[in-house]
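Structure incoming, see below.
Naming follows writing order (A, B, C, D, E and F), and every chain is counted from residue 1.
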Amino acid sequence: MEDATTALVATDTAWLMVACAMVLLMTPALAFFYGGLVRRKNALNTMMMSFASLGAVGVVWAVVGYSLAFAPGNNFIGGLDYAFLRGVGLEAEGTIPHLLFFAFQGTFAIITAALISGAIAERMRFEAYLAFITLWVVAVYAPVCHWVWGGGWLHQMGALDFAGGTVVHVNAGIAAVVAALVVGPRRDHGRQAMLPHHVPFVLLGTGLLWFGWFGFNAGSALAADATAALAFVNTLVAPAAALVAWMILDRVFTGRVTAVGAATGIVIGLVAVTPAAGFVSPMSAIVLGALATGPSYWAIMRRSRSRLDDSLEVAAAHGLGGLTGALLTGVFATAAWGGVDGAIAGDWRQLGVQTLAVIAALVYSGGATFVLLRAIGAVLPLRVEDGQERVGLDVPFHGEQAYVDGDGALLTIPRPIEGRRLELRGPQPVSTATVQVSDI
Amino acid sequence: MKLITAIIRPDKLNDVLEGLFEIDVHGLTITRCLGHGGELESVETYRGMTVKMELTEKVKIEIGVSDPFVEKTVDAIVQSGRTGAVGDGKVFVTPVSDVVRIRTGERNQDAVTPTSYPVSAAF
Amino acid sequence: MKLITAIIRPDKLNDVLEGLFEIDVHGLTITRCLGHGGELESVETYRGMTVKMELTEKVKIEIGVSDPFVEKTVDAIVQSGRTGAVGDGKVFVTPVSDVVRIRTGERNQDAVTPTSYPVSAAF
Amino acid sequence: MKLITAIIRPDKLNDVLEGLFEIDVHGLTITRCLGHGGELESVETYRGMTVKMELTEKVKIEIGVSDPFVEKTVDAIVQSGRTGAVGDGKVFVTPVSDVVRIRTGERNQDAVTPTSYPVSAAF
Amino acid sequence: MEDATTALVATDTAWLMVACAMVLLMTPALAFFYGGLVRRKNALNTMMMSFASLGAVGVVWAVVGYSLAFAPGNNFIGGLDYAFLRGVGLEAEGTIPHLLFFAFQGTFAIITAALISGAIAERMRFEAYLAFITLWVVAVYAPVCHWVWGGGWLHQMGALDFAGGTVVHVNAGIAAVVAALVVGPRRDHGRQAMLPHHVPFVLLGTGLLWFGWFGFNAGSALAADATAALAFVNTLVAPAAALVAWMILDRVFTGRVTAVGAATGIVIGLVAVTPAAGFVSPMSAIVLGALATGPSYWAIMRRSRSRLDDSLEVAAAHGLGGLTGALLTGVFATAAWGGVDGAIAGDWRQLGVQTLAVIAALVYSGGATFVLLRAIGAVLPLRVEDGQERVGLDVPFHGEQAYVDGDGALLTIPRPIEGRRLELRGPQPVSTATVQVSDI
Amino acid sequence: MEDATTALVATDTAWLMVACAMVLLMTPALAFFYGGLVRRKNALNTMMMSFASLGAVGVVWAVVGYSLAFAPGNNFIGGLDYAFLRGVGLEAEGTIPHLLFFAFQGTFAIITAALISGAIAERMRFEAYLAFITLWVVAVYAPVCHWVWGGGWLHQMGALDFAGGTVVHVNAGIAAVVAALVVGPRRDHGRQAMLPHHVPFVLLGTGLLWFGWFGFNAGSALAADATAALAFVNTLVAPAAALVAWMILDRVFTGRVTAVGAATGIVIGLVAVTPAAGFVSPMSAIVLGALATGPSYWAIMRRSRSRLDDSLEVAAAHGLGGLTGALLTGVFATAAWGGVDGAIAGDWRQLGVQTLAVIAALVYSGGATFVLLRAIGAVLPLRVEDGQERVGLDVPFHGEQAYVDGDGALLTIPRPIEGRRLELRGPQPVSTATVQVSDI
């Protein structure tokens, strides 16, 4: 971040623009991944939680988030030099325009915040959620990002996190657990089967996420070089392996290869390879992708029977997937492929550093998220009313339904027929005869 | 006590609802359905396959009314649901032997006659 | 005048329709529904949640017919809708006290008997 | 022989199903529908258009039962489907003149009384 | 357009290919944005209006449209030198192959024409629509494009339009108003509530539009340079700010944050930043995005109560959004960020030029669209029959339904059972008994 | 493949990464294209057939497929030098990292295998399908790919196949015919109308396919040069022309412009231009795109009346489209545009070579696919049971439904109420009274 004397490289600029657009697309993709998993009556609310992050986090990142993460500061947090994008211009930051680096990082912040929404789907008040993610990016994401990528203490210790296993996935995963606990389980949790209302949307989200993830991982090389190509290829093979592994697990344990499972497997492969992408060989990435499905599969099978209502499995998929990936990075990394030597290459030290980084993220993010949610909860109710949860959040909070026929929808703007009806509807004497009819 | 079941055109539903509300019929249930009758069926084509759609979209309205109101209700439906073209639908009136309101457990005429209709709540 | 309500398998619908058209029953209304009966329920799995689906997809056919045709119609449904496996469905026959054609306001038997069925228009 | 038609809340459906299974009612058909009654309608907004949704989602359950079981069945529905708030729905009981099982062609009471219910197959 | 002596730059070629593919994707995205907003019975017709533009406009652009816009000509229209792509080859046009420049511009023409379809959705005959957009691109789009980007009079006056605020959005917006007036309102307009049948599709369209818009705006730099990066970043932050502003407006005025509103807000932010993208600082873009929501919000709230049935708000979103953006470009532009100095930088002259450009587009496009539609209307009926409008346009015009169960669908090709039925169905004596049954 | 002494070019690396991501997206796109065309009860199974290819083929390609196609070998098949990616690293292969070339080719193998699934949709057992595509890629795709692109005999004869008309589309098309014949028609084929359950998904798939196809065709230049730009532009104009041609055919022959038809037309245009993309002028591409619709239109109209249940028209769209494109490449190619001179330029020899290449692919792929399917069929049943076909494959094979309401879905994990029910449900004396009720 310090060296701004280098010159712009057009190829890197082009590649980072493309990568950044791809990462931006991941947030709408997540909206579909999550939106398909909830019940129809909450589809829009769930999708809006992702979309709203594009606005709220996008703006707060420009205002102050980026500065806290990347402006010169101390070991724990950046300064305010870049607040309101002061001093962030088109000069080179590495080999790309500083503003483009800001934007690329912004798309990471946006999706990390949106990831958490899966844990509190179908029951959190939309206003409270907006307040939460806005503050969370400032108070939790920006510091952790600074530690690892902004020159902070984990960076200095040599923690490897190529594209965000710790910063993005472990961070969001533990925040998800805390949020699910603080907001509490859905009223139907453990009592009713709450089924995904639209599995094709889950697959659509998965396809677009995978596409965007190439930008996420290979873009994190911040240049169109061999490292980027390595990260790119690993982002192809690791999820392929994870998908195969998940299909086998599913077939063995439930007897059938589910589509939601396949989607989950792909995502876990993507998550797990994120911290490792530029540091391990493709064959290692294949093994890593396949291995990472184990813990997450186990966790998902257990979770649904537990009291923890992490509704869309953020902790199991992203938290645990990111954690496994971060640790396995310490195992599989080799200097030959651009990392430092990890356990397999004979050096166990890196695994220790990785573990420390994960623990630090778990502790800080978990604690700060808890405090933040309690603080917001003291001002605004976090949770919808029981009746709202029963009819679904779409109508009470968004005034819309996802899929509408229009049956029985009457316009309320004044018009001839409406005028006539309004007059009918004032308080008026009701004859018993009338009552008989209407009151059956 | 009778159950009135009307099959109407989907695009007349809102008109029929308004017609019913006007004569203060406020309890009813509707269902989307498909009907076959005298209407010309539509032809659709999918990649070389020609298909006759024998069914047209309709809406079914079910209304439980006390005997003296059957006429009035049927008339309201017929008037507000008519376009004059084939396919306007039918109204069937069937006998009901018993009615219960789930909320209170009130039954039959008893459950129906004395309660005053909560006008304000209904709108 | 009777209302015949049949619950059948969705994949037999087209067969039943053809069976009915053959005996010249052309007025009917169908609705997608879900049924529970003697069929084995299916088990589905979603992310560690195992779920028994107690309901199977069915289609409901409602047909208003004049009394002499009840038998014929029921027979047609039973024959064309049968597979022999559990889950083929049921036919209920219920009385109707009144029928009105919305397009014309014709009522009852009157509305029914004399009109000649417009064969060409119907196909 | 009666046909029981109940309109209930969709989120009470599983409760009602369990209530019915407990008293060993296993044959039934359900349909998604929309109802209008005493409930407050919801208001939705689409790009400057304000819309009153006069209809709320409901589920209709239809159950054919023999006369002695009507009471029991209605009670089960009323008890398991009640929340106490306006909008819980109604139960209508209507006469049935005939019932046929499509699979076997068995008819009426005959079709019903003697057969032993295949408990194991049903679950 | 004149200087063809420069050499190809591979990086710019690569970036423009990507950008062009992204812009192409915007038309299917628009199909979903629009398709989700209409009623189910018109979903395919509405989507097909966008898809058809890919074919009709794509071909006519190659045949003559591109030439009229960009071939050497006079101040008002280009010549026919490039008709049928004569002389358009792989030689450098700027730093990219001339053919690639043609293709990039083609994707702009395609989406501009498709934008208009939102105004006449659910009631215009498909054939008439095809004739209309094909001719419109030749008679309206190509000239206006020539004025601003092809070296025409507005270009010479120094009008700033980075990626098409005037050429694309104001142009399509006014054409939409005229089309809505000439074709007339839907029969249910103002009488029935016509609700979006599939809001998730609206969100899907929005997500893909945003993704594609990065190519639209940053690609308009025609190179992978710092200007492209600036346009790119502005395309991220302006819609984010517009989204936040729209959510606040919605919350204040209707009490609920609607998903359709959020989608609209994002699109308006994108539209408004289009003319300004490469000329203003990111903080200005944020302000511009937020400000632009005001007029459009007001217009949408009013429009639905008016007689103008611009069904999917093309005028309010694109016309007014583009207009606001074009004028604000004259306010916020600064030479320091690559534009010329605008009002805030102390020079009011640019605002005057911008106003003139907008007015010119409004007058010419409005007038020419009117004449064109009247002319087509003299030959073909513009409007569907009443009965077709009632049952929806999908079956009468496309022979399909968007979502099908197959209930009651009988094959009509000869086959055993069909043979039997056909024979039944010839004219035959009808006994009264038969009649009794079928005629209830 | 031989010359590995060249150096990496960053621009080419960047472009190929983008192109590869775009091609990857085509497989999910195909899932939607195909998924929308089947009946609701088979939607997930059909989509999963594409998604599963991402895993199964992705992994087998790394393990052995790539090596058989591209490692040094004989004229008919590559060796095993690159098995398990041995020796495939970040060194330059042409101007891009070897691994990136591997990945780019991998995405081609993935989609080619997935294409076949359209022919056996709605009736093939999922396990058998997985085994089939995995082995097919090794035994059929890799050799044919080696012949044409890996230095094999067709390559040496000078067969032109820019991006896979023969390797991908003819290959998949004939395999589809064979698979449809071996697995047999659906039980409802020719008896019932089997309608597309979700036409918007077909359009969504089409839009994303077109987007991805830019990477497919222009990426096949393996560099961001003028040839890539030519291929790119041809990938824009050919499908546009094919779309127009198809709309006209549809209007003339069925009276209505169908949306499924429009989607089909676009895909055929894309398929047909694939072998020609970098060898013909854009005006030729327009003619080629339009011409290619003829045979496929005719085939689709005939096929549905025949006994061949190639359910989603893989043969007509991809097989025949690819064949027409491959032959027309021999007609339209000119040395001036980067190919060799074809028939129109006066040299008929190339047309002969093209014909030979197509025939070779037809014979080998057809035969080997037959043997393969018979072999698998000897071990595993290929076909679902009759009852499974009747209820649809989603529940029996994937334990899920695509769109769920949750009505009547009861959780089976132990919980208070469940406990009570379980006890009720053991074998118990059944009174006739009980029977009366439940047994109507």
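Operating definition for what follows: a residue touches a chain if its C-beta (ideal position, glycine included) is under 8 Å from a C-beta of that chain, and two chains touch if they have at least 3 such contacts.
Computed from a predicted model, the values in this text were never measured in an experiment.
Novice: Along the graph of touching chains, what's the shortest path length in steps from chain D to chain E?
Specialist: 1
Novice: So which chains count as neighbours of both chain B and chain C?
Specialist: A, D, E, F
Novice: Could you tell me which of C-F, A-C or D-F has an interface matching D-E, in the sense that over half of the contact pairs are shared by residue number?
Specialist: Of the listed options, the interface copy of D-E is A-C.
Novice: Taking each chain's centre as the mean position of its Cα atoms, how many Å separate chain A from chain B?
Specialist: 47
Novice: Could you work out how far the Cα centre of chain B sits from that of chain E, in whole Å?
Specialist: Here chain B and chain E have centroids separated by 42 Å.
Novice: With chain centres defined as C-alpha means, what is the inter-centre distance between chain A and chain E in Å?
Specialist: Centre separation, chain A to chain E: 31 Å.
Novice: Note the residues in chain C that touch 2 or more other chains, in rising order.
Specialist: Touching at least two other chains: 14, 17, 26-27, 30-32, 34, 36, 44-46, 49-51, 54-55, 64, 90, 94-95, 99, 117, 122-123.
Novice: Among the residues of chain A, which ones contact at least 2 other chains?
Specialist: Residues 11, 14, 18, 22, 192-193, 195-196, 198, 204, 254, 256, 258, 260, 304-305, 399-401, 405, 407-411, 413, 417, 440 of chain A touch two or more partner chains.
Novice: Report the topology of the inter-chain touch graph, choosing from line, ring, star, complete and other.
Specialist: It is complete, because no pair of chains fails to touch.
Novice: Under the definition above, what is the set of chain D residues touching chain E in their complex?
Specialist: 44-51
Novice: Where on chain A is chain B touching in the complex?
Specialist: 405, 407-410, 417, 420-421, 424-425, 427-428, 430, 432-440
Novice: Could you pull out which chain E residues touch chain A in their complex?
Specialist: Contacts found on chain E: 9, 11-12, 14-15, 18, 22, 39-40, 190-200, 203-204, 206-208, 210-211, 214-215, 218, 223-226, 228-230, 232-233, 236-237, 239-244, 247, 254-260, 262-263, 265-266, 281-283, 286, 304-305.
Novice: Provide the residue numbers of chain D that touch chain C in the complex, in ascending order.
Specialist: Of all residues in chain D, those touching chain C are 3, 17, 26-31, 62, 64, 94-103, 105, 117-118, 121-123.
Novice: Which chain D residues qualify as touching chain B in the complex?
Specialist: Within the complex, chain D touches chain B at residues 2, 5-8, 31-38, 40-41, 54-55, 58, 60, 70, 74, 77-78, 81-95.
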